[in-house]
C-alpha cells in the first residue's frame, strides 16, 4: 500500500470504510475489539506461564516523568496527607503509638502508561460504533464507553514484537521510522510467534530505551512525550483490522509514527483505529525488561493482565500491565 | 486467645514481638511478605485457570463513591481536558475531522480499591523492618518502601474466604463482627481450600453488598468508608504471620473489625501487620461477582493479578485486581 | 410585578428583553456592568475610609467547608509539599539550618467565597453580549470573558443591605424567603444609604449566620451549599438592571431564593442577570463581621476591594473581598 | 556592611539576633510585622486615592506560566466541570434554556503572585516568634500562623521603589544584581517618597519585564521561576527590620538576589526575614503597569489592598493585589 501524502482525509476515509467494525457486535456494543478476547483466549494465555516470572510493563507515575505540557498533560503531582515525620514527631493524635501516612495524586489519566479508551478519539464527530461524539463524551466524561466498561476483560495472551531489536541498528528505531505490516510480520517470524484473534500485541520500538539513556546522561526526557517518534505506519490499519487483535500497545507516547506520513495530519491512524476498528491502544508502556527476557529465552508470548484503573467515564486510564512467562 | 480490652498497648507489643519478620529477608528488604510470592506460586496460580472467566475486583473510581472526608479522604474528582461536545462543535483545531477527548483525575490514593503499602502504618515511630518512620516517609513520599517497589510482584494464587456467606445470616456479617482465626479456618474448610505460604487471601464480609443495597435504596453510602464494619479480629495477627500469606484483602474500608476490640484503640491489627509482619493489606475490594461465581461452581481458588499503580513513593495505591478461573 | 409560576420560560424571555445590556458597551465588550465602576466611583469609595478599620468578607477555604458534591463541587483539598516536621527532622537538605514549608491546593473555583464570571451562565445558548456559548466556553475555559478580564477593576464603593437584620425575625431570613425590590429599598432606607450606578451591593440574608450556628452545634453545614435558601426574587431583575450597579453579592450559595419562584425552574434570575444584564454576582460571602460593625456605627457604605484571583479563562473565581470603613 | 562570603551561618545568626522581633507583640502573636499596619495607616493610604485609577499587580494564574518543577512547583491546572459547548449541545439537563459552566483548579499556592506566610520558612527548627517548626506546620498545614490569620489586614499605604528604572540600564537589573539599602534609599529619594512603619513596599527589579520579552520572542520563560535573579541583598536585613515596614514584595520568584551572596547558601535573607523579623514577603508580583504609571505621573505611593486567599493553614497564598492612585 502506498500513501498519497497530500490527501490524508481521503486516505482516512478509505481506510475507515475498509476497516469499520461498526455494528459488528450490535448497536449497543461498548467493548469493540475486546470482544475478541474470549475465555478460550484466556485459557490459551494462562497455559503460557511456564517459569512463573513476572514483569511490570508500567513506567513509574512520577513527578519527574516525561510530560512537558503537550495538550495540557502534566506529570503526576503526588502529595502527602500524613507522613512518617509527623508520626515520629508525635503530632498525629493516634493512641498507643500508632502512626500513619496517606497520600493524594493529581494527574492526567494519560500522563504515563495507559490505555486509550474508545471515547478518546473521534472521526468527523463520530465515536466508536457510529455514535455522535457529542452525546458520548461531555464534561461529565464518557457516559457510554467509559473505561470502566472494560474493567474485567483485559487478561489474555500477550505477544511481544520487538521491532526495535529486529529492525533497529542499536536495538531501537529512529524517530520518524514507520513500522509497516512487513516489519511486523518479519518480526513475528523472527520471534517464531503468530498473531491472531484476541491477542494483545506489544510493539517495542526502543524509543523509551533511548529516552532513558538521555535522562541518565542528564539531558532530561527531551521530546519523548509529544515529539517525533518511531511508530506504526498509517498503512497498518488493515493489518490491525484483519488480524482481529484485541489490543496493541507501544513504548512511545503516541503509538503511530511521528511526524505522521502525510504532509499535514495529526494521528490519522488513531482516527481509524479507535472510532472505526474499535481498537484499544496502549501508550507509554515499558517493554524493556520483558524484551530483554524474551531475547534471552527466545519466548515472545506470555500471559498478560492489563486491567485499567476503572475511573468512571474515563476516556483513557492508567494501567500497570503484568506479563507472566 | 483472649483479649484484655483495657490494655491495647500491651497486646500490640506482645503480638508485634511474636509476629515480627524484621530482618527475615535482610536489612535492605522492601517487599515484606511479598517475598513469599515466588515463581513457583505463580505457576501454581496460573494452573488454576480452567474456564478462562475473569472478574474485576475493583470498585469504580467515582465521584459518587463512599468517601466522606475521613482523614481528608475524598472521592475522586474526574474532569475533562477535551470533550466530544467540543469535537462535535469543531473548536479543537485538529485537521481532517480528527477529534479527541482527554481527562484528569485528583484523588487520595486510598479512596477506593487499594493496597496499603509498607509505609502506610508505623508502630511507635518504627516502619517495616525496624526503620525509623521519619526517615522512610517524608513530605516527598515513601523514599524506601514506596509502592513502586512491588510493581511487578503481585500475581499468584488467590483464595476467597467468603466468611459473610458461611457465617453471616443474610450473606453478610454485621458491623462490629470480629472475624477470628476459627471463622477463617471454618470457612476455608467449608470451601474445601487450604491457605498457605505466598497465597493472596480475599476475605469477603458482605459489608459492601449491604452498603450497595443502601445506595440502591436511596440512602447513600452511609458510613461505609470510615465507620463501623465487620473485619479481622486483632487475634488473627498470629494466623496472618504463621500462614505466611503474601497479602490479604477485604471488602471493607479498614480491614479490621470496627469498633476495634479494645476500649480505646485505633486499628491495632494494622499496627502489627504492616510494620512488624510486613504484610500487604487490601481494602475496599469488590468481591461480590467473584464470590457469586465461587458459590456457584464451588471453586474458591484462582489466578489473581493485583498490580498496584506504581506511583513513585506512594504509601498506598489504587488497583484493579483481576481474578481468572 | 407578579409572577406566573407556570411560565418561567416566558418570564425569563420578557425579563431578558427588558433588561438586556447587549451592545451597550460595543460588540467587543467583556466587562459588562463593570463598565459602571469608574475612576470617579473609586474616588467616591476611597473617601468613605474614615476609621481605617478593615474586614475580610471571605469564608475560609477549608476542607471542612460546606460543599457536599452539588454539581461536583467539593471542598478544597490542601496538602503540603514540605512541612515544619520535615524541617525539624532535618530531612530537607537545605544548608545552614534553613527549613521550609510549601503547599498545594485543588478546588472548584466556586467552592467558597467567589465571583461568578460572565461565562458562568448562558440563556438558550447565548452568553454575555449575545455571543454563542459554545464559542465562548470550551474545555479550554472561557477564552473571551475569562475572569482575568476584570482582574483590575473591582474596587469601589460598597453598600451593605442587611435585609436579614431589617426584615428577619432573629436577624436572618428563612429559607425560601424571596427578597424583593421593596425589601431592598426599605432596607436601604432604614440604613440611610442610596444605591446607584457603579455600586457594589452586598445583601446579607443571615443564612450563613444560621448555618454556622448549626456547625457550632455539631450538626454540620446541612444544605447550606446547594439547598434551600433565602435570596433575591426573580422580580428584582429590573431593579438590578435599572440601578446600574456594578455587582451584587450575598451570603448564600446561589444568590437567588431557593426553591425558585416557579413550579419548575433552576436559577432563572441568573439566566437574566449574567448573560443579559452582564452583571457580576458574588456568592458565599461572609458579611457577618462587617454587618455587626455597620449595625453598631450606623454606617453601611465603605471602600470595597474584591479582586478575583485572575485564573486565565475561569468562569468564576475565588476572592477575599476587603471592606474598609 | 560587608559580607564574609564563607560564613553564611554566622552572618545569619548575627542578623537574626540584631533583627529579632520575637516577643515584640506577645507570645501568642501570629501576625508579625502586620502589627505595624494600623487603622491610621489605612486612613493615610486611602487618602492617596486621587485619580481613582486601579492596577492589578497579579500575574495570570495560567497553565503556560513560568513554573518548571522547582521544589515540585507546577503551573496551575485549570479544567472545566461544565462548558458552553455542552450547554449549546443541550446535554446539561437544565430546564428552560439555562446553561452553565463551572471549573476546577489544582495548583501550588506559590506558583504565581503570592504572599509567603509566616510558616513558610524556619531557622534551625524555629518558626516565627520562636515556636518549634514541627509544632507549627505539619501535614495538616500551618495550624498556628496559617495565612487566614491575616485575611483582613493587608490594606494600607503602598510605595513603589522602581530600582530597575533608577539603577538598571534598560529599566531592569541583571540577574545576580544585589539590591542594597543604598539602592533602596536612592530610589526612594529619586521618587520623592519616604518609607516608614506599616508601609507595604514594592520593589521592581524589571526581571519580569525581561522574562516577558523572552516569552514574546518565543524563548519561553527560561529560568524566571527558580533561577538567577536580581533581588534584595542579604545586607538589607537590618533595613527591613529598622524601617518597620509591614510587608515587601518583588517581581521575582524569590525576593532575594540569586545566586545568593555566600559561597554556599540558600535564601539566607528569608531565614532572617520570616522567622525572626516576622516579615511578609510577596513574590512574582507584576509591577509593570503600575510602574509605568508612576513613572508617568511621578507619584510612587498609593492605596494598596493585597488580601491573600484565606486557605486555612496555608504557608503561602495567591493574591491579586490592587493598587489605586
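Letters are used for the chains, namely A, B, C and D, taken in the order the chains are written, and counting of residues starts over at 1 for each.
FYI, a residue touches a chain if its C-beta (ideal position, glycine included) is under 8 Å from a C-beta of that chain, and two chains touch if they have at least 3 such contacts.
The chain list, named the UniProt way, goes like this: A, B, C, D = Cyclase.
Small disclaimer: the values here were computed from a predicted structure and weren't measured.
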item	value
Both-way neighbours, i.e. chains that touch chain D (Cyclase) and touch chain C (Cyclase)	A, B
Pair joined by more contacting C-beta pairs (A-D or B-D)	A-D
Between chain D (Cyclase) and chain B (Cyclase), distance of the C-alpha-averaged centres to the nearest whole Å	45
Geometric centre distance via CA averages, chain B (Cyclase)-chain A (Cyclase), whole Å	27
Per-residue overlap in chain D (Cyclase), given as positions that touch at least 2 other chains	63, 72, 77, 79-83, 85-86, 88-89, 91, 104, 106, 134-135, 138-139
Graph class of chain-chain contacts, one of line, ring, star, complete, other	complete
Parts of chain D (Cyclase) lying in touch with chain A (Cyclase), wherever the complex brings them together	63-64, 69, 72, 74-75, 77, 80-83, 86, 89, 91, 106, 134-135, 138-139
Complex interface listing, chain B (Cyclase) residues touching chain D (Cyclase)	77, 79-81, 83, 85-86, 88-89, 91, 104, 106, 139
Residue ranges of chain C (Cyclase) in contact with chain D (Cyclase) within the complex	8-9, 12, 38-43, 46-47, 49-56, 58-63, 71-73, 76, 78-85, 87-89, 94-110, 119-125, 127, 132-139, 141-142, 148, 151-155, 264-268, 270-271, 303, 305, 307-316, 318-322, 324
